[in-house]
Each structure stands twice: as C-alpha cells, then as structure tokens.
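Two complexes, one shared chain (chain A), two partners (chain B, chain C).
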Partner chain A sequence: MRESCVIFRRELKSYFFSPIAYVFGVLFLGVLLFGAAMGSLVDGTSASMQAFFGWLPVVLLGFVPALTMRSWAEERKMGTIELLMTFPVRVSSLVTGKFLAAVVYLGFVLVLTLGLPLTLGAYGRLDWPPVIGAYVASLLFAGSFVAVGMFFSSLTRDQIIAMLISLVVLAVLFAIGVPVLVALLVDWMPAWGVDLITGISPYKYFQSIARGALDTRDIVYFACFCGFFLYCNALVLHYRRHKG
Partner chain B sequence: MNRPDSERGAVLAITAHVVLLLVVLGQIVYLASRHRVRLDLTSDQLSSTTGSTRTILDKLDKRLVIEAYFSPKDKLPVNLRETREVLDNFLDELTQIGKGKVVVQRFDPNEDKAISDRCTRIGVQPLDLRSQSSTSLSVDRHWQGLRFVYGGNKQKVLAQVAPQYWAAAEVQLTPAIKEVATESKRKIGYMEWPATAIGQQAPGGIGWNVLRTHDQIAKRFEFQNYKDDDGALLPADLETLFLYRPKDLTDRQKYVLDQFVLRGGTLVVFADAAEYAIGPNRQFTKLPLQLDAAGSGRHFADQLLSYGIDWKQKVLADMASEAQQPRDRLTMPFEYLAVPQMTPFGQQLTPVGYPYFFHAMALDWSSAADQLSRRDGKVDKELAESYRKQFGPGIPTDDFLFKVFKQIGRGPGFYWPTWVGLRERAGVADLPEGVTGRVLMRSSPAVLAEDPPAMLDPLGRGDARTQMANLQKFQQKLVERFGSEPRQQAPLMVDVRGTFASFFAGAERPRRPSEIKEEEARKAAEAKQAAEADAGAAAAADAPKPDEVGPPAPQETDSSIPKAAPEAEALAAAERPGRIVVIGDSDFIRDDLVRGDYRQAGGPWSALGPAFFAQLLDWLAEDRDLLELQSRVPVDRKLKFVATDSIAGGDPRLAEQTLRNKTAWLRWLNVLLPVGMLAVFGLLVLLVRRAQKQSFLASLPS
Partner chain C sequence: MIEVDRLEKTYGFARALKGISFSVRKGEVVGFLGPNGAGKSTTMKILTGYLLPTGGRASVDGLDVVDRSLEVRRRIGYLPESTPLYGEMRVDDYLSFCAEIRGVPRGRRRKAIERAVELCGLARVTGKNIVELSKGYRQRVGLAQAIVHEPPVLILDEPTSGLDPNQIVEVRKLIERLGAEHTVVLSTHYLQEVEKSCSRVIIVHQGEIVADGTRDQLIASRPAGGLRARVRGPEAAVLAQCAELLPGCPVTVVHRSEQAVDYRLDVGDGAAPVEEALSRLVVKNGWALLELNRERPSLEDVFRSLTLGSEQEVARA
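Our next item is the complex of A and B:
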C-alpha cells in the first residue's frame, strides 16, 4: 500500500507538472462544457445534466488515451522502466499507483465542471443525488478507460501507437454499448451473442448509473473491468521483468 | 533451445491466467446482475421504474414482444430526440426487468416500404413535420410508435409515443403492457336508471356509457347489464354489481340484490337523492325520482339500513369555499360552475362557488375544531372537544382508493351529492353483527343537508350580469341558512363488509313477474277448468254414460302460460361475506359531465371523475398493479433564467433579447470560467517550475 502511495504521488506530480496534461485538460473541459452548456442551459427545459453526461463518454474517449499513452510507453522509451523494475516495488503497486494517479487527475478535471450543475441548481430545481451518482459513474467509467489505456501503453514503447490502439479498442467498447449501433448487430448475430457483446461495454453500465440508479451490478462490473485490465497490465510487466 | 521453450511456457501461463481471470470475472458480473441491489438516487424516484412495472412484468407468463417502429434518432428533430433517448432507455430497462420474457424488436419504417405499410396496417402513425426554407418546402416523416404482442396473439398499439422523461414513459407503456397481458377481463354486472335527458339529447336518458366503454377500462373490465325485467337472480359467478342511480326498485329487485350480497357479492351503489336535469342554459330542474316502485312494500333505504348503511335522502351543499373551488385555479381542473363575464380581454369564464357541487378535501377536519367552535372571538372548549370527536378526514389519502388524489389534496368532484354514512346510534356506529364498515369520504364540517328542492338553479335566465346577481342572491340565502344551522360533516361514501342477514328473512320471497303471471294464468286456467267441469257434470247427468275404455284423456294445458325456471333457495343469512359500497353521487360518472358537454358554457365538468372511477375499479378488484405508477407525480424542474415578473408587460422583443443575453452569458461563463481556471493554474505551476529550475541551475557552480 505504501509503495502504491509513493508511486501515486510521483505520478500525480508528473501530471500536474506536465504542460501536456494541462493542454489536454483545457481541451477536454472546453469541448465537454461547450457541448453540455449548449444542451443544458436552455430556458424552459428541465434542469438536468443529461447533456453533460451524454457528452462525457465521447469526450473521455478522445481524452483518456492521450492521457494514458505515456504511462508505460514513455517509461520504456526513456529507459526508466528498467530502473523502475529494479526498485524493490511490487509490479501491482506500480500499476495501482499509476492507475490511481490518472483517475485522481481526471477527478480533478471533473471537479472543475461542477459550475454547470451549480448554475442549473440556481435557476431550476436540479435533482442533486442523481447528479452526484452520475459523477461517481463518470469516475468509474473514466477509470475503466484508464485501465484499458494503461494496458495498451504497456504493450508498446511508441506513445502514438499506444494511443491509437487504446482509441480503437475504447471506441469499439463504447460502440457496443450504444443501442443504435447494437441494432446493426441484431441482423447477423443471435440474441445471446448481442447480449454478451453489449454486456462488455462500460458505456452501458455508465448509462445505467447516470440515469440515477446506483446498481451493485454496475459497480461490480466496473471493479471487474478495471481489475481485469490492471491485472493484464501487471502480467505484461511481470513478464518483462522476468524476461529482463 | 531452452529459452524459446520457457518463453512459450510463460506466454501460455499468461494466456491461461487471462482466460481464467476472464471466466471468473465474467461469472462475478453475471452473479452480480442476477442478485442486484438497486438504489434510486432521484429524490422523486423518477429515474427508475416503479413497483407497478416490476409487478406486471413479474406476472407475465408468456413472451412479450415489443415492436418499436422508430425512424433513426439522428434524423429526428431535437425535441423528439430526447424523447427517443428516454424511450430507448426505458425499453432497455423493460428488457432487463423482464428477465428474458420481454423482447424488444426495432424496425425503421423509413428504410423499408413493407415495414411502413405494416405500420399503417396495425395503426402506428407517422409524424409528418414540415421544414420550410425560402426556396423549398419539405415534409419529413418520423416514426415513434410501439406494438405490444403478448403470447403471439394479443396486441396493443401505441400509435405515437414521445415521453419527455422516464416516468412519462412508464405512465404510457406500463398500462399498455398490463392491458395486453390481462388474460381475462373481470366481469362487472350493472343495473342502471339513466338520468332524463332534456331536449332529447340522449334517447333513453343519460347513463354512464362513456366510462364503461372507455378504451382503457373496457380492455380490462367487461360490463354486462343485469337489469332483468323478470327479476332473475344474479349468476353465481358474478362478483361485482354496480347499481347506477337506483330508482323505481321493485321488491323483487331488492330481493335479487339482497340475495346477491348474501351469496358473497360486492354491491356498489351510485346513489342520488334527487335527479336534476341540466337544461340548455344550465338550469337545474328537479325531476321526479322515486326510489321505490309503486306497490313496493319495502323501502330500499330501509334495506340498506338493515345492512348498516344509513342513506339519508338529502341533498348536500358544502359551504366551505375550498371544497367548491380548487385553491390553485391555474393548474387544477375547474369542475364546477363558471359564469361568462366581460373583461378587458373579451368575454371570459369566471369560476363561481356553487355549494351543491363540491369535493371532499384531504384535510383532517378535527384539527379545525377550535376554529369552528369560535363564538364571539372565543373558543367554546366543550363544543371544540365534541367537534374533535365528531369530525374526521375528508379523504384518507393513504388508502389505496385515494392515493392518486394525494398530490392534489382533494377527492373527485360530486354534483348534488347525498348523505351516505354508517348506521349510528347515539353518535356511534351501530353495525349489524358480523359486519364492519368505514366511511371513506366526508364533506367539510360546513355542510347543509336538506330534502331535494324543486329548483336549484343558481343562475337563472338573462345576461351575464343578471346571472351573477341571481347567483349572489342564491348564495346569500344559503349563507343565512348556514349561520343558523349547527356544523356537521356529511359522509359521502361508505364501505361495509361482512356476513349480512337477509332483509327478507322470515318474509315470503317476492315473486318474479313471470311467476306472478304464471300463477295468475294457472288460477285462470283452474277457474276455467272448474267452470267447464261444472258444465260437463251438468251435461253428463242428462246424457247416458259411455263405457270407460283406455287410459284417461290428457288434461289440456295452456301453452301461453310462461313457465318460470326454478330458482335457488332464498338465503336468510349470508353464505359468504359480502360487501356493499355506497357512493353518495352518481353524476360524477354520467356521460354529459364526463364528456364535458357544458364545459364551453362554464361547467359543470367531471374532470376528476374518470380517474376516481378507474381507481375504484382497481380498488374493488384489489388490483394494486398500477397504484404506484398512478400516485407518482413529477416535480417541475423547468429552468427559468429570467423572472416572469421582470419581463411581463414589457416589450416581448426586449424580453426575448434579455433572455437570449442571459442564456448566452450563462453558457459562456460555464465554459470559459473552468477552462480559464485550469489554464491559469497550469500556467502558474509551469512558471513556478521554471523559476525553480532557473534557481537550481543558478545554484550550480558554473
């Protein structure tokens, strides 16, 4: 745990000291809030964060791979991974520390969006509990994307390749949770196959919580999803460490 | 040679790890989805389905296929796009809750002509929206309809569905599912005595046909008329009988009702003490109404009294203004009287109080005892105490029957209602042994009871001003009466149940008309035979006697005499517990008031009557499936950027501009402020870092 904390602090610092993280953060906030403000802040409509949480997964899809691409790929490219592997630190602590740092950074960026619900609450009767639930869901959703991004970053030393692979995989994972796109599968796939595929998508579970219902199934799913990719990430690093 | 082998082994081990982990995690997720704990975070529970939908889906024993005829979402206009989102989510939810019993199939009618033809055939309707530019006019056809197919044969179509939010989707879809999944309709018998129609609007009188045949009701309940001229006993399988505005009841009909209740039936009486016709100018004229038929030896009111129900045939007027008019006139439907009046904006209908039309309030009137017992500014403590004991709530809103009315705080509107309460002795309910009962609806304690007056016309003839003056005189008389009469609260609805004793116990069973006819015919035939026999005997005495050979000649019978079928033994005591519900008004479900025939003229209009009737049906059937759904009312969460007061009365263009400016300002503030904050924070961090770096470099020996 202590080892994870050390790694976590180190990684978090690197996020806050990196100009790229700010550039992406500003872009992320700009795009997300512009789309959300145009959709939500309309006189006479219901005070709801639906537009914001509708936009968020799409924006995260572009933002998270850019954020996570450097997590391992850069270490490998700079040669610091070898040094890191020689530390008396367990691989799982390394992975957990990096993962938590990325999630906390995303959480920080999400906190900056709280102005929107505050505005909605000031001019209408915003229902706060589901908004808080949806923020939690957003963090879980972002966490699942971070886990995927980190895993693909561990497979290659090229950040751009890591980002592209993550982007493609995340886009597929996202798409298989979108009902309109799933409808396309219906024609050439049995119903159970469609159910199985849609069951993998984090987007489906995100939507479920964002609607205002906190479901143990969704939380278990996110825990398992992140756990799986973080475990795979650790396996890759283990393999590398043993391989020398 | 060893190295590749060990590498292969490691890869294999990793692969095995991953596969095993996938299997384990997959199982965990599967188990978690089977044993879910769900917490609805919305404060008004609007973002999740109610227990109603779950109960109805749980009860499905066949497959429910929901065919969604949806044109592509991205081509929908923006206002419809949100509704599609809601619908999609709700359909997903139904699939999840349905646990395999609900299947959603999506079709795009714009893509395939065959599908759009099918839509037309089954009743799904397109929404044609025109878009116009300076050079062209185009019509875009959008589809958003549903067909529910249950068990392969029963179906229900929602031609167009556009729910704005989750709860609205549930309100539309869940009753449709219930309707299509209802295997057998519940049978309800009725006997009716329609109100006399003025000006021949309705040949045969004004009954309650509109609600009986209403699509939502008729799909779940089957109504059958049992008003039989011959007074046959009601069939054993009939559970519920509605008596709509009973009048001219014969002893035989009363006996039929008595035996029905003794055999365990539920009798629901929509009672009226008087019949008032509504004339073309809204004149209310009393028409003759005799509860008991001519020649009837037993009174129906006495019959009800023997079961524990006290029906005082009085007409009630509630003097409490909140009982006559809704407090929130803007959002509540106005059900009673309005008088046309000239205003600066033209002729408008002004609601006026008419104490003979009122509703029960969701108030506990015992808490108003002090206020009501105030004499010369002081509270009469003794009187207040007696009022506290005497008065009760207008409607018990936590009761299944009234939950729908909880939000609006009042019951359905009643028109010239009558007093129906429990039998009392010395102010305490005095019910027969084995019978329990309760009052379900009460007026306010400001009620006046009287024998039905011949005229209850508050407006009279003439122009609006004359009508208003007449009304004031009419009200003044009632106010004077009110001042001189003691405070009382009138019961408006009772429910008694238990093992009733027969009203006809120890007396001869009233015979059916056919039996009486048969008896009369038999007597006439016997008399005729006797006369013939006498004549024959006289002739035989004169004539020689022939030898008697063969069997005796058969007696001649008169085939014109009707043969009454034998009927069940009369019961003196209940076979099973029965139930009697008496509602002190029948007008709230009568056709002209439900349809709103007088709405344009200023009422009366039974706006809440249909909702109460529908709820009554579910209450009688103990069908609570839709209760949660019906008692849920969404909170208004509309955004209001500019206060109405600040723009009202001003230039509309200026108001529009103010709103536009405020919206734009809020939008940019929400976008630029966080972005700017992050950028400034980042810049500061970088500057600090640069300064640190420079000071570090400066500290190094050159």
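Our next item is the complex of A and C:
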C-alpha cells in the first residue's frame, strides 16, 4: 500500500510535469466541449448535459489509449522498468500505483469540465443528482479504459503499437455496448449470447449509471473489469522475469 | 554475502549461463570481466531479482533471490547497464523517490539523500532536471540512487561505460570509496578498472567462469611466456649454444646494440629452470650476462588467452 502510494505520487507528478499532460488536457477538453456544443446544435435543443455525456465516452475512447500507451512501453524502452522491478516492491503495487495515477489525472481533467454544468445551473434549472451520477459513471468508465490501455502497453515496448491495439480493443468493447449495434446481432445469435456479449461492455454499465441509477452491480462490474486487466498486467510483468 | 551455485539461464535456445558458481565475501570488491554477451549482466539481473534463473540457486545475505526476492532487493543497490533514469525528474526529487520506495524512513530520508549527494559529488546539480545533465553526472546520479538506502551490497553493471577518461577516473575513485563500506560486484570491459579498484576478479566467458581469483593469482596461473636476456658475447655462438643446450626454448634476437644483444627465449610452460642453465652457459663461455628477467603476463594477457581462443574456434566452426 505504502509502495503503491510512492509510485502513485511519482506518476501523478510526471503527468503534471510533462508537457504531454497539458497538451493532452487542453486537446481533450477542446474536443470534448466542442463536440458537446455541436451535439446540442444538431439536436436543436439548448445546451444540455445530455449531449456532453453522450459525447464524452467517444472522446475517452480516442484519448485514453494515447494517455496509457506510454505507461509500460516507455519504461521498457528507457530501461527504467529495470529500476522499478528491482525496487523492493511487489508488481501489484507498481500496477495499482500507475493505474490510480492515470485515473486521478483523468478525474482532474473531468473536474475541469464542471464549469459547464455550473454555467448551465446558473442560467437555468439543472437537475444535479443525475449529473453527479454521470460524472461518477464517466470516471469509472475512464478507469476501465485505463486498465485495458495499460495492459496492452505492458505487452510491447512500442508505444504506437500499444496505442493502436488498445484503441481497436476498446472500440470493440465500446461497440458491443451500443444498443443500435447490438440490435444487429440479434438475428445472428440467441438472446442469451447477445446478453453475454453486451454484458462485457463497459459502455453498457456507463449508460446504466449515467441514466441516474447508481447500482452496486454496476460498481462491482467496473471493479471486476479493472481488476481483471490489472491482474493480467501484473502477470505479464511477472512472467517477463522468466524470459528476460 | 553472495552465494551463487550452479546458476543457469536460458533465453529461448541460447544458454546465457551454463551453471556458474562463485561466492563473494563481505567487504570484497569483485570485478566481473568478460566479453560482451558473456553472461555478466544476466548474472547481475538474477541477483537483483529482475530475472529468474532457469536453474541453480543464488542467495544474498543468506536469502534466496527467488523465494525471498523482496528482502534481497532491500539489501541491494543496483545500477543497471546504461543507467536508466527518469529524465523529467529533478535530481533531488529522484533521489527522494528512490529512498522512499526503498523504505528509508521519513526521518532519516534527508540525511540519506545528503550522504548520497555528498559521496557522489552531486551538490551542484541537485536542483537540475536529469535530462540536462552530462553523461558523467547521470552516471553519478545512478550511483547515488544505488547507495541512497545504504545497502550492504552494491551491484554495478558497467559503471564507467561511455564516460570520458576524466569521468572514468572520478567514478572509479567513487567506487573505491564505496568499496570501504559496501560489498561491491561490478562488471566492466576495462581491465585497468579491475586492476585498480577490485580485490578479486571473475572472468566469465560464454556463460562459464574461466577464472576466479585476485589479480596476482590470475597472473601467476598463466605460463610465464618468455625470458629476456641481455648478453655481451658473439651473437652466433650464443645462438648456437643456446639451441644446443636448451632445445625446448627457441631463441630469437630482439634488439642489438654496440655493447650487447637482447635475446628472448620462449620458455613454454615455464617449468624448466632456464635461468640457471643460461647463466651457467654464459659463465662457461666467459660472456657477460647484463640482464635477465621473466616476461610478466599482464591481466590483459590472461584475459585474452582465456576468452579469445574459443572465440576463434567459434568463428571457425
């Protein structure tokens, strides 16, 4: 736990001390808010949080792989992985420290978007509980993407490969939770098969929480999903000690 | 302090370590010598817990490096090859991070960092980012990182590679100073480094230990090679008599001057008492023996004879 904390703080600092974090943050916010504004215009409705939270998962899909591609690939390329792995620290602590740092960084960027609901609230009536629920859902959703992205970053020392693979995998995981796309599957397989497949998608649970009902089952799902990929991540690092 | 017993490591089909055994006592400074790919780095990576061995055992301070890896790692300071560092961090932040993650308690941390900074001569650059530092300073940061938690064992993989001659001397002095307090295992290409700073040398070649001992022991283990003699007397007669009396030792003329001629006798394994026979010969003929000495092989000769021969065989095969 203490070791995770040390790793977490170093990682978080490195986010805020590197220009990448600022470029990433600015672009992320720009794309997010611009997209949300366009969405509202297309709807013809006034600016709403619905457009924002509809667009946010898509932006996360594009940006999270770019954020996580460095996490292990860079350490391997620079050789600093050899330092990390020879510190008196469990692999699991390394993985959780890195994971939490990325999630907290994304959380920080999400907090910066609070200006939007605050403005809306100031100029009209805003129903806060669903907005807060949707923020929680977004953070959990972002976390699940970070876990996947980090896992693929641990498989290679090439950041671009890490990014591309996680992008594709995340796109598939995303797609199997989109109702319109799932509807296409219904003709091809039995209902339980469809349920099984959509049951894997973080997007399904994101929607379920963002709709306003914070169900413990959804939280458990995200915990299991992240846990699974973080565990695989730790296994990869551990196994590499055999191979060299 | 360090016990290595028939340690093996296989990468795919390549056998990097073919069962090496050695031990290092507390306070020793041991130099690992060997051509590239001999298995030096692999051995160090296993000792530090970065790699798992394929076979055999190794222990540090009585603790198995596989079963009790965390405890072993706590006792080791490690400088990996090519000195990986977090470039975007400041030197003091980096050292603080290393101290913290290695479990130096908060109260002692500042003292520990100050000590490492002082020992490694980093005081001038503590506020700088690591990327801005020269190679020599980076190397010192790498060393400071390795000693910040005052580990009983230091493992340094090529601590002086890529440095200029002045920096090499500095780092070497630093290692000598560290050797007073720590048990040190270092690997290197530079033979002078071993001669200067190591109390013992282990030569590794193709995954096996081919020599292990102090510098003098290693040199003594090699055949002497040649005998140099400066004789005043008729050259033709000297050559003829030598060939007759010492048929096993081919004689060659090395240098001619007005007063005398320098000869070199190839004494082979060095067992025969050639000195005595030669001096008798000189006295008997009424010549003068002005100088007589054995050629002392250098550590370099030892290294080359141990590691070059089989490489040529490999090249031929």
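General remarks:
Methods note: the second predicted complex is superposed on the first by the 230 of 244 C-alpha atoms of A that agree within 3 Å, B and C clash if a C-alpha of one lies under 4 Å from a C-alpha of the other, contacts with A are read in each partner's own complex, and residues count from 1 in each chain.
As a working rule, a contact is a pair of C-beta atoms (placed from the backbone, for glycine too) under 8 Å apart; a residue touches a chain by one contact, two chains touch by 3 or more.
None of the values given here were measured: they were computed from a predicted structure.
Residue contacts after overlaying the shared chain place A:192 against neither chain B nor chain C. By the touch criterion stated above, A:80 is placed in contact with chain C alone, chain B being left untouched. In the superposition on chain A, contact of A:89 is made with chain C only, not with chain B.
In the superposition on chain A, contact of A:242 is made with both chain B and chain C. In the superposed model, A:14 lies in contact with chain C only, and not with chain B.
When both complexes are overlaid on chain A, the residue A:112 reaches chain B alone and has no touch with chain C.
Of the two partner chains placed by superposition, only chain C is touched by A:6; chain B is not. Shared contact residues of chain A, touching chain B in one structure and chain C in the other: 17, 242-243.
Contacts from chain A toward chain C in the complex involve residues 3, 6-7, 10, 13-14, 17-18, 78-83, 85-90, 241-244. Listed in rising order, the residues of chain A touching chain B in the complex are 16-17, 19, 21-22, 25-26, 29-30, 33-34, 36-38, 41-48, 50, 54, 109, 112-113, 115-116, 119-120, 123-130, 132-133, 179-180, 183, 186, 191, 199, 207, 211-217, 220-221, 224-225, 227-228, 231-232, 235, 239, 242-243.
By the touch criterion stated above, chain B contacts chain A in their complex at residues 7, 10-11, 14, 17-18, 21-22, 25, 28-29, 32-33, 35-44, 46-48, 72-74, 82, 85, 88-89, 92, 103, 106, 164-166, 635-642, 659, 662-663, 666-671, 673-675, 677-679, 681-683, 685-686, 689. Every residue of chain C that touches chain A in the complex is listed here, in rising order: 9, 11, 42, 45, 48-52, 70-71, 73-74, 76, 78, 80-82, 84-89, 93, 97-98, 100-103, 145.
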